[in-house]
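Per-chain numbering from 1; labels A, B, C, D, E and F assigned in written order.
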Amino acid sequence: MGGRVVRRIERADRSVIDGLAHAGVATVHEAQGRTGLLGRHLRPIFPGARIAGSAVTISAPPGDNWMVHVAIEQLTDGDILVLAPTSPCYDGYFGDLLATSAMARGCRGLVIDAGVRDVRDLSAMGFPVWSAAVFAQGTVKATLGSVNIDIVCAGAAVRAGDVIVADDDGVCVVPRETAAAVLNKARAREAAEEAKRGRLAAGELGLDIYDMRSKLEAMGLRYE
Amino acid sequence: MGGRVVRRIERADRSVIDGLAHAGVATVHEAQGRTGLLGRHLRPIFPGARIAGSAVTISAPPGDNWMVHVAIEQLTDGDILVLAPTSPCYDGYFGDLLATSAMARGCRGLVIDAGVRDVRDLSAMGFPVWSAAVFAQGTVKATLGSVNIDIVCAGAAVRAGDVIVADDDGVCVVPRETAAAVLNKARAREAAEEAKRGRLAAGELGLDIYDMRSKLEAMGLRYE
Amino acid sequence: MGGRVVRRIERADRSVIDGLAHAGVATVHEAQGRTGLLGRHLRPIFPGARIAGSAVTISAPPGDNWMVHVAIEQLTDGDILVLAPTSPCYDGYFGDLLATSAMARGCRGLVIDAGVRDVRDLSAMGFPVWSAAVFAQGTVKATLGSVNIDIVCAGAAVRAGDVIVADDDGVCVVPRETAAAVLNKARAREAAEEAKRGRLAAGELGLDIYDMRSKLEAMGLRYE
Amino acid sequence: MGGRVVRRIERADRSVIDGLAHAGVATVHEAQGRTGLLGRHLRPIFPGARIAGSAVTISAPPGDNWMVHVAIEQLTDGDILVLAPTSPCYDGYFGDLLATSAMARGCRGLVIDAGVRDVRDLSAMGFPVWSAAVFAQGTVKATLGSVNIDIVCAGAAVRAGDVIVADDDGVCVVPRETAAAVLNKARAREAAEEAKRGRLAAGELGLDIYDMRSKLEAMGLRYE
Amino acid sequence: MGGRVVRRIERADRSVIDGLAHAGVATVHEAQGRTGLLGRHLRPIFPGARIAGSAVTISAPPGDNWMVHVAIEQLTDGDILVLAPTSPCYDGYFGDLLATSAMARGCRGLVIDAGVRDVRDLSAMGFPVWSAAVFAQGTVKATLGSVNIDIVCAGAAVRAGDVIVADDDGVCVVPRETAAAVLNKARAREAAEEAKRGRLAAGELGLDIYDMRSKLEAMGLRYE
Amino acid sequence: MGGRVVRRIERADRSVIDGLAHAGVATVHEAQGRTGLLGRHLRPIFPGARIAGSAVTISAPPGDNWMVHVAIEQLTDGDILVLAPTSPCYDGYFGDLLATSAMARGCRGLVIDAGVRDVRDLSAMGFPVWSAAVFAQGTVKATLGSVNIDIVCAGAAVRAGDVIVADDDGVCVVPRETAAAVLNKARAREAAEEAKRGRLAAGELGLDIYDMRSKLEAMGLRYE
């Protein structure tokens, strides 16, 4: 029932992480074979943020944010806090004071399958959060959880040090070991898309660019 | 199980369509007797858009966006894509490349009872979408659906060529045949509301303007 | 089944109300012992508003907004309308005309466990609303409800004249009788937080500031 | 806004209707090309019922069951009541008294995208209901709706006289005109399934019966 | 933040309570003017139970069932436990051991706006529960709540000693002071319904029994 | 994007698996430190089943049940199929024919974070299913998934060969390697509970049996 803090975690290269941030969630998710998305109920508290970082994971009891304090000590520059409650909970585990502390340690944002509060202040501070809820309900500090253990957050398995990518489309996790390979595929994908974008903007049809007409006909599509 | 594309559809007059856009969803919905609203779970990806257009309908299998490419060829200037999955699905059927293609053909927006992605780019492009979800989950191109058949989208029956009106209040469908009549009623309603707005702003009460006091008393309302 | 309007209600001091608005929902909720929050499904129609006011309560039948007109007559400057339907309903009870009327009487906003419409206009007017839905669906005026009776709104008991505080974190109710005491505690809390904010921003850890390390160790936390 | 009652409706042949009941929802839905299902949120109030009948449709205002009384007069032996509220509502529109009246006129059951109550009595009476909710909340009789007009119920278009099939898997609508053809396909499907059932029970694999192995290999499936 | 146990509570007469149980939720709710229903998300763990009793209320922190033990000591024969979490939570607060203890003290059942577990055993024991969820997730005993204070449970205000009525239709609360009067109205209602039931079963229509035809015509109902 | 089938998986001892079935979900979940529960939205299609078995995992595209056929070939006696869609989907992936085939290979049940159909037949066959939905919506066989890879099902990480325990309280996963140890703890827990059950049934209070009174007093609990 909790009680473990793993101090040393491996992280991906900073340049890889930043490249994944640039690519964004939809592209990264495609580049790793349509895997790694967290649930669509995680929504950003303000639009426009696009970040990536190394996951510092938190497994927390319902309504108890004690472990967030423990996790903040484990942060290094460029990390993202990723919190999963041990049973479904929408309380506000995190607010402006914790964000102040996390930012002081270089934290880039928070992904939480629970609630967050003080969102007006967090927005003003430019601290991005993807959460399952905005809810002012407070928490206690009475029961242990764990930090940097393997968790399942919003339906996706996340290990400490995995790369988290988050933007307006949601949140995606990339295993640390394959992050560089995924970045390469993402860049190839971006280049291919860029070429198509110009053709599509000029009025060419996807039916022709992707050579779909014969396949559709073979499947039996009828025009009336 | 799908496989039909209807090429020729009737559309309402452009001036009627644009008039309905100006009136907005709440007024249009009232003007046609409180009918035609799509479900309230369809939300805009950015605030402030107010559009109307002719529906090009798409019936698509879950997790399969092949028919969107087929539908884009059927678009003419001023149309709106309206997609209903054949079973509930929240995958991201549509992103910035498809929007580029649709905009090149004069498409005014997308209404989709499923998911959309690349919303940061779509917002930057000014391409409005009303969707049931924002979700980066990709789709395949493996199974046929249909284009321009009758569909039920978010609980409302929509036929190809019907007028779709969408703004921050949601989405409403107006049958093509009655669009002009609905517009007339909407304008009358707007004029009546405008007159009342001034009186209400000056402090007059709806109780008096609408002559409600005697009816309320007859129903038994007691002031204590 | 409804039919009562209470004309005279007690209100808290204006300065107390305004102080609670400044403190905001998360702080006020903590200051009164983590009680009084309305359900997290109530969301603001635009970000950034932070208000407080005296509740004028409305108990309304599903799909019937007649009592809103009755309630508006009971408003005085600084009040907030609080509407609970007698059974769950998401129709648009309230739009720009009613807002015009309410603003003319000094109303500061609306909290409604149901739907609202004309949100583009309401946003432009700067009239803040916290609602369970945005939905253009119209209502009728056929059945009585009550005004200024005790209600349960979004899971919280609200009496006419209680103080409502609302911001981007949600909505909180403070009993009129204890509002001044809650404000004192909120201010003390704010002062204490301000002191901690500086230390946290400078890199000190909550683990040290709150002296948590020995307690965590006693509970059995293991660092690995 | 309502106010129409269509007296004369066409119905399918009784023998076709009864044949569809025997086939059940899953088979009928497949037999008509995977179309016609109502939303999965409609659930039976007791397990084991399997019925079919001709739809008598009701469009009812939220929280108002007046039109149910009007609809009951339109029932003939073998009909099923199908109610859609004009905006989402979960109140208990229907209870044991209405069921007594409907049964006296030969009604086989109720499909309602809203609430039902007195379910203990309804179960004891053997009157099957598929509903979106069980909720004791009462309704009023103050506003008109319509009977036997086209409706959308739980996401499916239903016309008066269409065949409704309902069992533990949910509810399906079959257009009156194609009901006989769908029944033929359903029977063919049942026969084909029966033959396969024996082979599967004997241990043969679907992979072999349906000759899937080569297709899976061609798609790239790898055994490890 | 909790920490209070009220020992002495007033209860309604046993004969009144038992009469309300006999009437059932739908009738009692109507008899007190369509008020008092708890949310429809509270569902029984097995069908067929119909009970009434005096509320022993519990306000419990999320994921913490310590106060249930405290509440059980406050039970007397004929009571019903009513638990509301201080923030939304679906953990399994209650199982077969607690039910054994509660039954030993004469408890008639549990109403809980949270989760319950061991439902197979509870069903075998015949201990009825209305809950928001069935979920095996365990709870801790670390934080105080309160017993026999005023609570809001599933959207309804409940005071200790109020009468709780529960059956397959849901749960209703009746204030202790008005319980006898409500029972009288419920009995009158049952008698009136009984008379109508026979007429409806014989084929008479509600349109005639309730004399609705002229009112419908006056409202504008058109038969086609 | 799928396409892998792992043929050889390790399984726990049959006697351990059967012991875990006997203990049931709530006890097993407690015995392994309150971990391993799948989401509470997985509900049994009929009450009373209590099973355990080795997981044969399926990762399936939305609306595509091809991989179920592949997985059935991998079943051995005592296994349980565990299916997670690659994006949220509620279609009916599984019905009576697949159940016939699975039962012929010794399968004990199905856990599926999606839909199931033919539930009347499945209940009659005694084939237990825990699913996120009952929905007749059919699926296609057009896209590859994978069998016996690591999956996340309803929020819990499941590996092929892990022990699945399921009953009316829900579903729990126990890692194969620790299954025997968890069984020992579960049995100890059952024995301890049995001893307490007798004392509680005799009227002793948990407050005394668990020696809670002094702790509650120390925390500040006040009796009034």
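As a working rule, contacts are C-beta pairs under 8 Å (C-beta built on N, C-alpha and C of every residue); 3 or more make two chains touch, one makes a residue touch a chain.
Bear in mind the structure is a predicted one, so any value in this text is a computation, not a measurement.
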{"item": "Chains contacting each of subunit B and subunit D, listed by label", "value": "C, F"}
{"item": "Other chains in touch with both subunit C and subunit E", "value": "A, D"}
{"item": "Option reproducing the contacts of B-D, where over half of them reappear, out of B-F, C-E or A-E", "value": "C-E"}
{"item": "Interface sides of subunit B and subunit F: same vs different residues, half threshold", "value": "same"}
{"item": "CA centroid of subunit E to CA centroid of subunit F, Å", "value": "31"}
{"item": "Centre-to-centre distance between subunit D and subunit C (centres being mean Cα positions), rounded to whole Å", "value": "42"}
{"item": "Euclidean distance of C-alpha centroids - subunit A vs subunit F, Å", "value": "28"}
{"item": "Residue numbers of subunit B (touch at least two other chains)", "value": "34, 37, 40, 86-88, 90, 135, 137, 143"}
{"item": "Pairs of chains satisfying the touch condition", "value": "A-B, A-C, A-E, A-F, B-C, B-D, B-F, C-D, C-E, D-E, D-F, E-F"}
{"item": "Footprint of subunit C on subunit D - complex, ascending", "value": "61-64, 86-91, 135, 137, 140, 142-143"}
{"item": "In the complex with subunit F, residue positions of subunit D that touch it", "value": "24-26, 29-30, 34, 37, 40, 43, 47-48, 50, 167-170, 172, 193, 196-197, 200-207, 210, 212, 216, 219-224"}
{"item": "Interface residues, subunit D side, partner subunit B - complex", "value": "1-2, 33-35, 37, 39-40, 86-88, 150, 152, 155-157"}
{"item": "Residue ranges of subunit F in contact with subunit D within the complex", "value": "3-7, 46, 66, 69-70, 72-73, 90, 92, 95-98, 100-101, 103-105, 115, 117-120, 123, 133-138, 141, 143-144"}
